[in-house]
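Heads up, the thing below is written out as structure tokens.
By written order: A, B and C. Residues from 1 in each chain.
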Amino acid sequence: MDALLQFIFSGVTVGAVYALVALGFTIIYNASDVVNFAQGEFVMLGGMITVFAHQAGLPLPLAALLAILATAAIGVALNKLAIEPARGAPVVSLIIITIGASILIRGAAQLIFDKQLHRFPAFSGDDPIRVMGATILPQSLWVIGGALVVFFGLWLFFTRTLTGKAVLATANNRVAAQLVGINTSWVMTLSFGLSAAIGALAGVLVTPITLVAYDVGVGLALKGFAAAMLGGMGNPKGALVGGLALGLLEAMTAGYLSSQYKDAVAFIVILAVLFVMPQGIFGKKSTERV
Amino acid sequence: MEARRKWIQLAVLAALIAVLPFFFPSGYYYRVGALIFVNGLSVIGLVILIGYAGQISLGHAGFAGIGAYACALGPQHLGLHPGLALILGAVISGLLALLIGRPILRLKGYYLAVATLGFGILVSMLLTNERALTGGPDGISVEDLGLRALLRDLGWRISGGEFWYGASGIALLVGAWLALNLFDSPTGRAMRSLHGSEVAASTVGIDVARQKLRAFVISAVYASVAGSLLALQNGFITPDVAGFMHSIEMVTMAVLGGVGSVLGATLGAAILTLLPQVLTVFAEYEQLVLGAVMILVMIFLPQGLLPSIARRLRGRGE
Amino acid sequence: MSLLDVNGLGITFGGLKAVNDVSFSVQPGEIVSVIGPNGAGKTTLFNMISGVYQPGRGTVALDGRDVTGIAPNRLAEMGLSRTFQNLQVFQEMTVLENVLAGYHLQERGPVLADLLSLPSMRRRAARAREGARGLLARVRLDKAEGQEAGSLSYGALKRLEIARALALRPKILLLDEPAAGCNAVETEEIDALIAELAAAGIAILLVEHDMKMVMRISNHIVVLDHGEKIAEGDPATVSRDPGVIAAYLGAEETEAADADG
């Protein structure tokens, strides 16, 4: 029982990170129909920039803020320099472009920073909190809280603000959105900036637990992508649920079956879900018009 | 007309393979050439899947891994000749593709991408984690094919590099010949029609699911044979052959050169295989350059290098 | 027994009954037209008959066999062929290859023979090529056979689709607005082609906006409005039907109002 709770704690922590990456995927996908494989690199950048800014003497909160802003700027640049010029390209091309961007960012990070593992101090210390026989790190609470705050923030943004509604309208029908006067190019810029910032925030929150190096992005991108798919691409609620489900699944597998195959089971479940529900759990069914 | 174009392309390819060694500054380049041909072979498989049938796979390195490890494990555990192990690997890959292809190919676009990606990752995890069998992440040695010894007994002494350059070159030519045959055949036309409009394809009687499956199986066999050849010529193999990055590399090669074109795909394989060789001096910049090349080509030459160049030349001619 | 029997066919999209309880039948060699204002459900009806959409209710029978909801490729094997209102051409293939795709059922064979380019495959392909060239000549596209289909004009693409559909040697041909976007000469050619096909015993089911053409060539007309069949009969009967006139006048009035606004 204690073990189960322990696995749930670690699963929810990891799942919250996956959910944040998946939310990033979702925002960009909604605004532009692009699946951004460089999403994991935003998480890496969030962690790395914070580490080096902190080492350079900035106080941690300021270093984190700088990391989030710098990553958001990189996200905007990615959109302006690589995605917008390829507007209307087939899915395969867009996949190659964003994977190319991810390799490029990784290569640059390796040159600018280094290849070492880094961390910075946890926000509220490293003393585990005891809950019913299991323990949880205070930093885990920061991660989980961060994911929830981002999720509700996005929910408010999309349902209560005009800009958020413009993003949704663009996702629904780009041409129609343009016709009613929405600047869809601005919506895309905003989406890339926002989603890069969310990725960087995830990196800032999780680095004290998992450490960060220039190459942590690929794994996170794959897991976040899988989580987003699991929940149904383009659905923020799906991203949250998919991320948490994936995290829990991995923790349970690692705990009860085999830690080597924890990643494998996640992909098996994703394949199974896609076979049974080709649109994901929360995805919409659409009829092709001819 | 079409037949003539096929033979011209094959002749160009054969001439390049035959003539290039005269320009090699050292024996090392035979190894590089052989690597290009092996990569070219697996990329031609992707031309059939992506270029002809319009389906994406981000997990084809998984099949390359099966082919490679069949050649490593077959001789060791089943006492198979490495050549037979190559065939066994191809059969296993083909059957596996047949089995998973049906549910996977119902998916479209990004969903298909993630499903194939998942498959590839599962294969590479198996190869990494089943240490007892596969030697784990450190890799495993592969028995020699024995053909070179046979040639030596017949009085023909050639280096390992030269042998594999020739053998992979022939494999590439055969692969290109088959793919070009397919292009201008009833099956090839059916596959290519899916790319245009699946609905229209099905209303003219084409079994869409079946044609997708065929393309998937054929391309899996290509990847498997290429993986086997890679294992045999290196005499050693690690799970990286089945890894996500290798899958991505394969797709990038195909798209870079021109995914609808057999020659273009080979060109793409050549460029991406040479890139790290050229950049060895600046090894740290390799990823940076690779990423930039991927983005720039997709933006400025979306059809891929060869078709874009061909189009430009034709445009000037008129 | 009719060649095609449509009985109580219906489908719902998002709570809206796009087509509701439509029944009619088509005899061999007969030209039946489906008409109605925009949005009446004509194309949706076609999509259900040809297996592209799964009907929500009702049945479709071909040659007396129930074929409701059967996949389009199976229907093609049974002799049903169609064209599309918004063109579905294989853009990146040549004009000839587009028609050859229509010969798929006749030219297909073992995949190994295709990979190895065996003589058996070449014989199959040569026969199909000969037939395809004949069909291209019939729709006056023989000069363009080597061009990429994407480079053709709209009217030419319409004819290419008809040639591709004919390649199946169908018993019944569904034509969705074959004359849309064609000039007067082209329309007349299509007109003549349809009559010729019907005379050869092929049943034609036609959706067309050109009323003159419909009235001239149809044996039987089915009128849809808001997804329901409101009238049926020979051209003379239908054109006198008050319900039909009201539906069309109503549509025109709204269109006129739209034009004013």
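Here are some notes:
What we mean here is this: a contact is a pair of C-beta atoms (placed from the backbone, for glycine too) under 8 Å apart; a residue touches a chain by one contact, two chains touch by 3 or more.
Model, not experiment: these values are computed from the prediction.
Farthest chain from subunit A, judged by C-alpha centroids: C. Distance from each chain's C-alpha mean to the overall C-alpha mean is smallest for B. In whole angstrom, the spacing between the mean C-alpha positions of subunit B and subunit C is 41.
With centres set at the average Cα position, the gap from subunit A to subunit B is 32 Å.
Per-chain Cα centroids separate subunit A from subunit C by 48 Å.
Residue numbers of subunit C whose C-beta contacts span two or more other chains: 52, 84, 88. Counting partner chains per residue, subunit A shows two or more touched chains at residues 290. Across the assembly, subunit B contributes 199 as residues in contact with two or more other chains. Listing the residues of subunit B that touch subunit C in their complex gives 1, 178, 181-182, 184-190, 192-193, 195-197, 199-208, 214, 218, 260.
Subunit B contributes residues 50, 56, 58, 103-104, 106-107, 109-111, 113-115, 117-119, 121-122, 125-126, 129, 199, 244-245, 248, 251-252, 255, 259, 284-295, 298-299, 302 to its touches with subunit A in the complex. Subunit C makes touch with subunit B in their complex at residues 50-52, 71-73, 75-77, 81-82, 84, 88-93, 97, 100-105, 107-109, 111, 114-117, 121, 124-125, 128, 146, 164-165, 167-168. Across the complex, subunit B is touched by residues 35, 81-82, 85-86, 89, 91-97, 99-108, 110-111, 218, 222, 225-226, 229, 233, 260-261, 263-264, 267-268, 270-271, 274-275, 278-280, 288, 290 of subunit A.
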